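In the two complexes below, chain A is the common chain; its partner is chain B in one and chain C in the other.
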Partner chain A sequence: MLWITIPFGTIALLLVPLAIGTDAVLLREIGPGMYWVIVMLFGVLVSVGRSSMETLPQQDASALLGLDPAAGFVGRTVSSAILLMIFESVVGVVAVGLYDISIIGPLWLLATMLIVAIGLALLGTLTGAIVNSSSAGTALVPLLVAPLSVPLLLGATQTYDGLLGGYGIVSWVLLMVAVVLVVAIIGVVSSRPLQET
Partner chain B sequence: MGHLEDGRRVENLPAEDHGLVAPLVVLDGVGVRIGSTQILRDVNLEINAGEVVGLFGSNGAGKTTALRLIATLIRPAEGSGTVLGADLTSPDRYDVRRRIGMIGHVPGIFPELTLAENLRYAARVAGVPTDRVETVLAAVGLAGAADRPAGASSHGMQRRAEFARELMIDRSLLLLDEPHSALDRDAVDLVEGLIERKAAEGGAVVVVSHDRDRINKIAHRTVELAGGTLS
Partner chain C sequence: MTVQTRSRRWPWVVMGLSLAVAFTLSMVSPADSVQGDLVRIMYVHVPAAWLAYTAFFVTFVGSLAYLLTKNLRWDRVAAASAEIGVYFTGLALALGMIWAKPTWGVWWTWDARLTLTFIMFFVYLGYLALRRTTDDPIARASRAAVLGVLGAIQIPIVHFSVVWWRTLHQPPSLIRPDGPAIQDPLMLTALIVGVVAFTIVYAALMVKRIELIHLEERRLAVERSIERPVAGEAVTVPQLGGAL
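This part shows the complex of A and B:
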């Protein structure tokens, strides 16, 4: 999955300067926002793709080994989050090089990347479980993920802007953490019913 | 119909004669819907310890759904039932799943892992010592292929690996969907040995197959699924 999304994410970052021209100041200004948009769009693909890789016979086999559905949800989320951190890191290096993005507050940025990775992993895993259990199929994915990922996108971009402008970022970080906690609780609680529908 | 070693028919014996306490599976008027489609309706079935039950039915009759129902992986829409004492609609069914083995016609193993890694994963999740992996792989004739990726193994080898998993984990109920397909003569003997052993140990086996002659030889009784109902 990463071998597909990393090149496409990189190409998407490359297309923006081609579309708007090589205005270095403008690129530096919109670079962080573009980076997070790319992370959201392609990150969800990584996460949903990862969670829907498991076939029904594999799911049945794991269930009959006594694997609790909630544990399965957490495991799939962790593996997606690791993949997303790799995706964010590689595409992040490209974005910094291409848009000349300043690295301010590296620990906060790293924390933001981690929260977004976990949040997208949770959203993708939950959406994948809903899609697998529903006859509506993949048509549901953008409808479910788009509104739920907006707070993460807002939080991530505003955190960077806050670090750049020197104003408070705690409320934005808390917003992202709250989204992560809410989706995590929904995912764990719904894992059993979703496995059986 | 099946017989005990002394020639007596199992279904004619009183329960205490073959060590039965309670049926391992009880389905009482069970119906299953998937979406808006009624797959099973008014299914009544009891399976006792020590029994091997053959399940026949044409394509699309609901045999696989019936196995997944007995495996507690599907909740019934109508009726009631218990499997290994756990109600099919109560959370208790999660506790008995580890005692139910199922081998479907599509292998439930992970192609990215080797055959041995698949078994180690199964052992860890099921709480079985992983040092049994090599032994059971050897028992199914896969000792030399332990480190081969499952995805690069033949369908027959993947099925053997699944039988190795069932040898490794102590199951009370074994559900087999077309267990003879894609297997060579040695593997077929292995499967039938596993079925006999499970029944002799006081477990129960349900075998879905189109091969009536073969199933009639190993099953104590057979049931037919037609139009979503057992007969």
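This part shows the complex of A and C:
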């Protein structure tokens, strides 16, 4: 999946300046926001890939082996988060190069990338489990994940703005962490009832 | 038979009466010194927005209650409330845009509350779309309940957006620590009556929609219980004859 989404995300980053103009100052200003929008939209494709969805034979095998559905959920989330972290890193390097984005507070940025990766992975895995084996299948997942990932998008963009402007970012990081924790709890608690249906 | 007829009609009667009172008050209240008659849109916009929050909160409660009790009654409450919530969110957004054009000069502005409310609208459209993906009532209820709980993350973010960001959208007019922002008693009454009337409309619509969902489930159950011919049943084994 990464071999498709990384080039796709890169093309999107190339298309934006063609559509809105190649003013370097403007691109530097909107670059971080564009990066996070692309991470959210294309990250959904990564998070609904095979690693996060459990097919019916896999579900049967897990049930026969006595695997706790919560453990399966956590495993799928971790694998998805790793893929998303790779996606974010590669597209991030491209965005920095193309838009001349300033890297301020690298540790905070890394932490933000990690939280977003985990949050998107959780949302993708959970919504993947919700629609799993339904007739609409994966087509519905982006519709569900994209609006639900808004707190992560706001947190990520505001954190960068805060670092750039020199004002407090802790509240935005806490918002993202709170959302991640809530989705993680819902995912773990609901994994068994979802598997039973 | 008579009781049945009454139970079907009373929500409409209550709804009609409460809306009539709210409409009358919104028309007799004075025009705003700045906005003029445009302020009358607020007597529908504010109650509709209030109802959207209430409806989605009830969806959250119904979803949580279903996950805890596995009682399909709670799923019907959550589903009915989400449908009504989506309708009133759409109404609040549309009226907000109609009000914004003469007031702010644009149909849409990238205001935090507007944008987040629009996004919340899509969360619950997704909820309704998910409910249409399966006919199995148990699977539908379980999956929708998880999303109903998950979707509630948006509600506090939309509500506090006007506090977190400096936006065009004014902060709450009624529920404020220092009392309501509206000074004119008739305008305040019209707004409060509007909120109460819309809440009654919500309750009436909930009663009717839950009844309808229950009937739909019974129809599906009856349809499933009817034995139908199996595909291929009409095909018979070819009979060999003649040469053998």
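Everything that follows uses one rule, which is that the second predicted complex is superposed on the first by the 182 of 197 C-alpha atoms of A that agree within 3 Å, B and C clash if a C-alpha of one lies under 4 Å from a C-alpha of the other, contacts with A are read in each partner's own complex, and residues count from 1 in each chain.
Following the convention adopted for this analysis, a contact is a pair of C-beta atoms (placed from the backbone, for glycine too) under 8 Å apart; a residue touches a chain by one contact, two chains touch by 3 or more.
Treat the numbers as computed from the prediction; the structure is a model and nothing was measured.
When the two complexes are overlaid on their common chain A, residue A:151 makes contact with chain C while staying clear of chain B.
By the touch criterion stated above, A:126 is placed in contact with chain C alone, chain B being left untouched.
In the superposition on chain A, A:143 makes contact with chain C only, while chain B stays out of contact range. By the touch criterion defined above, A:190 lies against chain C but remains apart from chain B after alignment on the C-alpha atoms of chain A. Contact comparison for chain A: of chain B and chain C, C touches the greater number of residues.
Shared-chain residue A:179: touches chain C; no touch with chain B.
The contact surfaces that chain B and chain C form on chain A in the two complexes overlap at residues 135, 196. Interface residues of chain C facing chain A in the complex, by the touch rule stated above, are 67, 116, 119-120, 122-123, 125-126, 129-130, 132-134, 136, 138-139, 142-143, 146-147, 149-151, 153-154, 157. Chain B makes touch with chain A in their complex at residues 35, 68, 71, 73-75, 91, 94, 97-98, 100-102, 104, 106-110, 122, 125-127, 162, 165, 169.
Taken in their complex, chain A has these residues touching chain B: 55, 57-68, 135, 192, 196. Considering their complex, residues 126-127, 130-131, 134-136, 140, 143-144, 146-148, 150-151, 154, 179, 182-183, 186, 190, 193-194, 196-197 of chain A touch chain C.
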